[in-house]
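The structure under discussion appears below in the form of structure tokens.
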Amino acid sequence: MINLAIEVGKTSTPEAVLFWFLAPLAVIAALGMLLSKKAVHSAILLAWIMITLAIFYIAQDAVFLGIVQIVVYTGAVMMLFLFILMLVGVDSADSLKETIPGLRPIAITAAIGFGGLMLSLLGRATLGHGMVGLADANAEGNVPALSQLLFSRYVWPFEVVSALLITAALGAMVLAHNHRLIARPTQRDLSIARFRGESLANAAGLPNPGVYALHNAVDVPALLPDGTASEASVSAMLKARGDVIDSKPFQLIELTDEEGEK
Amino acid sequence: MSNVNWLTTLGILPLLGAVFVAFLPKTNALAAKRAALATTVFVAIAGIAMATQFQRDNVDLQFVESHSWIPTFGINYAVGVDGIALVLILLSVLLAPIVVLAGWNEASGGRWSAKTFYILILILETMMIGVFAATDVFLFYVFFEAMLVPVYFLIGGFGTGKRSAAAVKFLLYSLFGGLLMLASIIALYVISGEQGGHTFDTVTLSHLQISSTTQNFLFLGFFIAFAIKAPLWPFHTWLPDAADAATPGTSVLLLGVLDKVGTFGMIRYCLTLFPDATKTFTPVILVLAVISIIYGAFLAIGQTDFKRLIAFTSISHFGFITMGIFAMTTQGHSGATLYMFNHGFSTAALFLVAGWMASRRGSSKISDFGGLQRVTPVMAWVFFFAGMSSLALPGLSSFVSEFLVLVGTYTRYPVAAIVGTFGIVLAALYILIPIQRSLHGPIMPGNEGLTDLNLREKIAIAPVIAIILVLGFYPSPLLNVINPTVTHNLSVTGHTDPAPSIEKAGK
Amino acid sequence: MTSNYLVYLIALPLFGSALLLLAGRKADKWGHLLGTAMSGGAFVIGLYEFTQMLGRSNEQRAVTQKLFNWISVGSFQVDAGLMLDQLSICFVLLITGVGTLIHIYSIAYMSHDLDRRRFFAFLNLFIAAMLLLVLGDSYLNLYVGWEGVGLASYLLIGFWNQKPTYATAAKKAFVANRVGDMGLSLAIMISFATLGTVSFAGVKEHAGQASTGALTAIGIMLLVAATGKSAQFPLQAWLGDAMAGPTPVSALIHAATMVTAGVYLITRSNFIFDAAPTAQLCVAIIGAITLLFGAVVGTAKDDIKKALAASTMSQIGYMILGAGLGPAGYAFAIMHLLTHGFFKAGMFLGAGSVMHGMDDEVNMRRYGGLGKFMPITFATFGLGYLAIIGVPPFAGFYSKDKIIEVAFNAGGIKGITLGSAALLGAAITAFYMTRVVILTFVGNKRWAEKAHPHESPALMWLPMVLLAVGSVASGFIFTHGNSLKNWLAPVVEQSPVHEGELLKPAVVSVLALVLVILGVGLAVLKYVRKDIPLVAPSDVSIFTRIARRDLLQDDFNEALFMKTGQGITRALVVTDKSIVDGAVRGVARLVRGSGSALRLTQTGFVRSYAMWILVGAIGLVAAIWVVTL
Amino acid sequence: MNAANYLYVSALLFTIGAIGVVVRRNAIVVFMCVELMLNAANLAFVTFARINGNLDGQVMAFFTMVVAACEVVVGLAIIVTIYRSRRSASVDDASLLKR
Amino acid sequence: MSSFTAPVLIYSLLAPILIVLGGAVIGVMIEAFASRKIRPVLQLSVTIGTLVLAFAQVWHIRHQETASAAMGSAVVDGAGVLMQGAILFIAILGVFLIADQENFTVIAAAVPGSEEETQSIQSGEQLTEVYPLTLFAVAGMMLFPVSTDLITLFVALEMLSLPLYLMAGLSRRRRLMSQEAALKYFLLGAFSSAFFLFGAAYLYGYAGTVSLSGIGAAITAANGNTVFLLIGIAFLSVGLLFKIGAVPFHAWTPDVYQGAPTPITAFMAAATKIAAFGALLRIFYVGFENAYWDWRPLITVIAIITMLFGSVVAIAQRDIKRMLAYSSIAHAGFLLAGVLALSKAGLDASIFYLIAYGVATLGAFGVVTLVRDSSGEITDLNRWAGLGKRSPFVATLFATFLLAFAGIPLTSGFIGKFSIFSAAYENGNKSVVIVGVLSSAIAAYFYIRVIVLMFFSDPVEDGTSVIIPSFLTRLSIVTAFAITIFLGLFPAPLLNFISSTAIFIR
């Protein structure tokens, strides 16, 4: 590595070993996250990076943060991400082909330029003092020391952050909550509607999905006796998501037109 | 002097008139016209009354008022007049009623009601008075810029042809100059802060010690703004368009009064605030002025439209005024100031008659007219008279000023004066050619039925003619007011008239 | 000495003019009478002043009247002041006298014109302006009158301006005059810058202190002014066209008075020219050139008025020549001016009378033998003719011979050249004037059948007769005992005259007479016996053709000034639109263009926006990287 | 080992995150890259806390986590809304607003 | 364990923020418990009541200065009080506009164009959550300029941003655009706040403290070199410059301004600018004062680019909201001149400018909400043609706001421009002043273009009309107009008040 200008002090050997083992992994994971086609992979890699960072935190006498990192970030935040990914289609792959002209080269140049400049600059920095270490600050333990700060010096932002949480909740409600304007039709209402409808074709209920002999999942439309796939047999949600599979391959016999006429 | 706040009163009267007009019903155009006329006439009378109170031999600013306006920046509502400003205020208040009366039906072609037209005119009158009366640079700038707005709407709202394009060009061009001046004003403000406290008082500012480089830049900021306003070649191109599009009355105010702010500013601000820079730039400016004289005249000859022609003649005339100013002699300065006044009236006469002709004929193209002298003799003779005034025929007021400018310039810059003198030959051409085409010759088809001036129009133009004539033979009332100020200005900026060469030789 | 009446000389006709113009049609009935009365009134005042003047000693004759302080700025002080001295009184009497006669003549001449009132208004305006010109006590006052007569001349030339050529003629006259005026205003400027004053008295007083260079400049500029007003070379071209005006106008303005203003100016400025020999020489040369020029043009004209106009030009050439000869010549220049005022005005009125009787026909080829039908006109015209060609004892003989004589006596080559030119001019004058008389009054009739030539009414011939009397007698009166010369002496500061240096007066007279006879004889030979074609023959020599085209004066002006001017105008119009305004529009377009171009950076893709942010951040980091090196 | 090495890692992760925002099209991935950037900043905070010997940096990092959590809630809600309207989570598809 | 010293929060001084937060929480409660019918009225009155109360409290504490109102996290000083007051005032006017619920979707969760949405609109319901969200944003904005440590700054930044991200997506019409605006605003906002945070980390690394005065002290002490400091300043600036919309961090502005519901745009454009500039001024004046020579060139360049870019690109716009967005970019450039001034005069000028600009912006966007056809607001400039004929009064108001933006004398904008440029010039920033003046000239062009369009073009008969505004909207616009003119004619009272009050305590 480059000779550091900030000679802030040596760390213990175990920490060094840990660092040299995990740091490259974290960077590689980050690159992987950047380059993987599937969003889920990216999410998993991000989770890994976060865990790595948690370890780094702990190694740097930030035990509390390390734990919080795993619980809040890796545990909660990343789960939220994955949850949403599921919602919007877990399989959907991201084409890595650049569509905005000129962006790719600029991005590569920017990446190299930005990273290079940052590393180079860090190499020049001097602080005027060595690494102090957290031995004194953490004398009574990391958590008590943090809480001391949090509840006295930083109590104001701590209080204010609550407003942020309310905002977030309120925001999620505004965008997601959907109150019913009309009472949800009961089974009885639906039944009456079916029979009083124009056609009695579906009075007995919609067909179930699946071609039972060959494929039996909810994403395959049922085959009607005449061999056509019944659109009504799959959930509208799946259709909307585009996750419906063609049922043609699962037909037992190819029905030609002539045969059908006979 | 009585303790009447003359200038404030004078300035506020048209504004009150505007408010009054605003409360009149929109449909009653006649009431608006009458109210506007009454207001402007009243203001004119008040203006003359004020002028009678003016002490001619007192070189200090008079009718001075000063109230703190924005103390944070040392800005005062400070007004006062010297001889030059008084003359220009008189010009403004005298022209306003004439414009209202002459353009009785001008508002009819507009986008908005006549009421709006007169409100704008009255607001403009307030601003015109304010801009000449202000003795605080900031206040001056406020009026300088704010008066663009009513003019803009007057051109764009009531003009003809490409009125909105012309209005925009006018506004942007003027704003550009104004903003350059703003930069200079800011610099002055900062410099004044460094030298004993922020102020915008013209007199105090003129005592600042400013390095010559800075002076040059600040001078340019002011000068370009004024050169655009005046308009001086090559900053003139907005004027023909604006004059072409505006109604005659608006054009009269635009060329007659507003543009004078430029030349007035050169005297009041460029000269007194930056005497050294003025000396540095004088040769360049004289060249521009001489170019304006000749260039404007040639272009006037080349025009096919009355309004554009008059606009270009004005460019030529403004060249004379600028030349007179930067000659830095008493004759040049007094001549230039008198020229501003006279040009106001001679242009008014030209524009108003051209406007009447155009509104009767439905066109302002010279080629659409012919033989008017036989169809509408009074109108034709008035136009002829206006033309004679424009070419500075001796005996008419413009001659006195033009000659003073030339003679004042000659004593210091003979070459400029000699070249400028060619302008008087070209003036004959640019006036006589259109006169021949439109007034003389056989009656052009389409001109047979034109009606001659009516009584209202005659009443409107009569004072203009009277002033042009009387001042031609007896300019002393104005010169006596102007001279002490001019002498004072030149002496404080360190200019003395060149002595006759025989005296120089004698020494 | 002061007089309180001088102002009324100007005020009366000015009042008449203003009243007639403002009163409108209401004044049609009595307008001409009022105009004439005003002019006559001025004449009476002039006579009164003259008698007063006669009663005083020679040095005390000049009177002044200060009206008010006209322009006063710094050291530039000009009073509205009038001065009547021996020189101006000559003019005053000429102007008001001849002017009144012509007013009277016009009553009849213009009786059928609907705008007669306006005509009289303009005539009065002219009288006023011309009187101001000669009465002003400073160059600037003179200038007012100078341009005033120009204006009146313009208005009167263009009196029938519904005819486009007449309107053009008027404009041409004004513009040419303006060129001259430019000279006058420059002269005033130089005078002020050099001497610190523009009044005649002041300039006269200080002229001695000024450098010759400055005085020469003033002199040349004054000469330019004179050439413009007096139709001298090279600004002579307008005079021929000016005949578009009604004939009384031609008589009054373009023969007797206004065009002689240049002579007045030079004579008035004698103190400058006497101190600036170069300028004075220029004056003489210009005069000599013009007298020949006009004479040559006069030989080729078929239009009676244009022929007379050319003659006027030529005769004024004599005057200018005289004035250019310095102290020896001023008096004779003025004398010729006065005599010319009589005989030329008379001839013009005669020409007007002929036209009056010939339905406004002006082409002499369509006259012939009119003497029988218009005896009075013929007689008065004939007397004028004898005067102009210099037959003793008619007026022209006295004045013209004196000029020729003085020219010869100017000394050296200068004297011989100028004298010879003047002599030659006399011969040509005799030729073309004889031609005019023969073509008009003698020979067989060539006019159309419907024309009924008749004598003009008394109101017209009476002035002609009076002027004819002047043509006969004035020369003798002026020279009798050197009366005019002595009269003018205090004004023009005569130096001792070196008489008889080269040629004795008698020799000159004989020489001139011989040449005149030659000229007359040639004309008689050429025109009396021959049939005169109704249309000017075209198979003539190139010289004739050039002479008919006024020696190419218009072609020259057109090519050099008009075409150039039009070219410059067109070029500047294009320049203004494309370059000056184009630059402005170009900047505007540049800004708009860059706006439209930069607008495209807003692609709508959030990622490219992020890119901007990133690039911005990189920029900042890079800047830091550089500064912390 | 030098404790400052953590800073290099932090800078690298930040860079990668920033580039990720620019090159990835899936709004969720883009948002994850932002989270990576925040984490990188947190690492810097923690490291600086250690170097400077006080816990302010750790407190800051703690706040960052809370704030980030809130941001995630709001952000994902917005992304889901968009997705429901457009049936796409690609940021490139949301380009009605331009020029 | 060492003894815990209880924190001292001076609640009376923090009360303005707390009142607003309290109002917001009440609003949330109302959402939860009040019946739908009375919610709109209730929310509106609670919101306005809260804001007025908070304003009164701000006025009350205006002379009580202390750096330790909240254990060094927030300060109460003249400048802060002024900005809080300004934000509250703008917010009140903004809420008047927001009260016109025509602009907001009834049900944000519904898919655009769905049956559900149609039904909701027909039911006449209103999206009342926008009120508490506004209050949260206001609280964040109030906190932002008074925060004195990086932690509070970051929290406040997020607190003002999150509600705005949400509100940007709530438009009733053109919902896809509105949602897109929300997404763009959010993603870029999060991106930039990451930069902010990263910068904060380096500043902390440099100074060993997160308090601004501590950073200032560290700069004076000058241990080590300035690399960390500069990196910190640079990245922190990215976050802040993003919020004010300086080039090249501006790209969100036009899209979001256009896409967001117009009342929100009005509120956001006016109030966010005050808050962000308030914080920017405090950070640079208090924290980085002694590093002036390091950051001055950077900010100068950005200011120049911003002025020019905003003015030039605005010329090419066809949409009134986008045009105003670019105008706001240009104004951000002018305001940066106030930062560069780094003087008392610069601070005073900036505050005056912010107030003047904020009020005019609010008024201008307020007018935009009025111009509609059957499908909603019309922002296409071409369809504004002839507005002066249709409704001269509204057009006149709008023209006045535009003239104020252009800095024509007798409007507040002129005094603002003069004061800010003179302050910048005083400290030797001549280049900024000259470019500022030039770009003002360019900017004048597009303001005038709109005026031409409104007054000098003939109206197109396409159903464009000006609706009769509700009382509150009218109140808001007319107030803005009156203030714009009043500050142009008689700026002295406000200027005096600012100059006697505005001060940063460290």
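By letter and in written order, the chains are A, B, C, D and E; residue numbering begins at 1 in each of them.
Following the convention adopted for this analysis, a contact is a pair of C-beta atoms (placed from the backbone, for glycine too) under 8 Å apart; a residue touches a chain by one contact, two chains touch by 3 or more.
In this text the structure is predicted, and so the values were computed from the model without any measurement.
Q: Figure out the least number of contact steps between chain A and chain C, where 1 means they touch directly.
A: 1
Q: If you tally the C-beta contacts for C-E and for B-C, which one comes out higher?
A: B-C
Q: With centres defined from CA atoms, tell me which chain sits nearest the overall protein centre.
A: Most central by this criterion: B.
Q: Among the chains, which one keeps its Cα centre farthest from the Cα centre of chain C?
A: Using the mean of the C-alpha atoms as each chain's centre, the farthest one from chain C is A.
Q: Quick one: report the Å distance separating chain B from chain C, using the average Cα coordinate of each chain.
A: Inter-chain centre distance comes to 36 Å.
Q: Take the average of all CA coordinates in chain B, do the same for chain E, and state the distance between these two points in whole angstrom.
A: The mean C-alpha positions of chain B and chain E differ by 44 Å.
Q: Counting in whole Å, what is the centre-to-centre distance of chain D and chain E, each centre being its mean C-alpha position?
A: 25
Q: Report the inter-chain centroid distance for chain A and chain E in whole angstrom, where each centroid is the mean of the CA atoms.
A: Using C-alpha averages as centres, the distance is 33 Å.
Q: Quick one: which residues in chain D touch 2 or more of the other chains?
A: Where chain D meets two or more other chains at a single residue, that happens at 7, 14, 17-19, 21-25, 30-31, 42, 47, 49, 51-54, 56, 59, 63, 67, 70-71, 74, 77-79, 81, 91-92, 94-98.
Q: So which bits of chain E are touching at least two other chains?
A: Residues 108-109, 151, 155, 158, 162, 165-166, 169, 183-184, 187, 191, 195, 205, 225, 227, 231, 254-255, 445 of chain E each touch two or more of the other chains.
Q: Tell me, which residues of chain C touch at least two other chains?
A: Residues 588, 599, 602-608, 610-611, 614-615, 617, 621, 624, 628.
Q: Taking the top-of-page definition of touch, could you list the pairs of chains it picks out?
A: The set of touching chain pairs is A-C, A-D, A-E, B-C, B-E, C-D, C-E, D-E.
Q: Considering the complex alone, what residue numbers of chain E touch chain B?
A: 348, 388-389, 392, 403, 406, 408-410, 414-415, 417-419, 421-422, 425-426, 433-434, 437-438, 440-441, 444-445, 448-449, 452, 455-457, 490-492, 495-496, 499
Q: Quick check on the complex: what are the chain D residues that touch chain A?
A: So the residues of chain D in touch with chain A come to 1-9, 11-20, 22-26, 28-29, 31-33, 35-36, 39, 42-43, 46-47, 49-56, 58-59, 61-63, 65-74, 76-81, 83, 87, 89-90, 92.
Q: Which positions of chain A touch chain C when the two form their complex?
A: Residues 100, 103, 106-107, 110, 113-114, 117-118, 120-121, 124.
Q: Using the touch rule from the top, collect the residues of chain C that touch chain E in their complex.
A: Touch residues, chain C against chain E: 588, 591-592, 594-596, 598-599, 601-602, 604, 606, 608-610, 612-613, 615-617, 619-621, 623-624, 627-628.
Q: What part of chain E is in contact with chain D in the complex they form?
A: Contacts found on chain E: 108-109, 111-112, 150-151, 154-155, 158, 162, 165-166, 169, 175-177, 179-184, 186-187, 190-191, 193-195, 197-198, 200-202, 204-205, 208-210, 254-255, 258-259.
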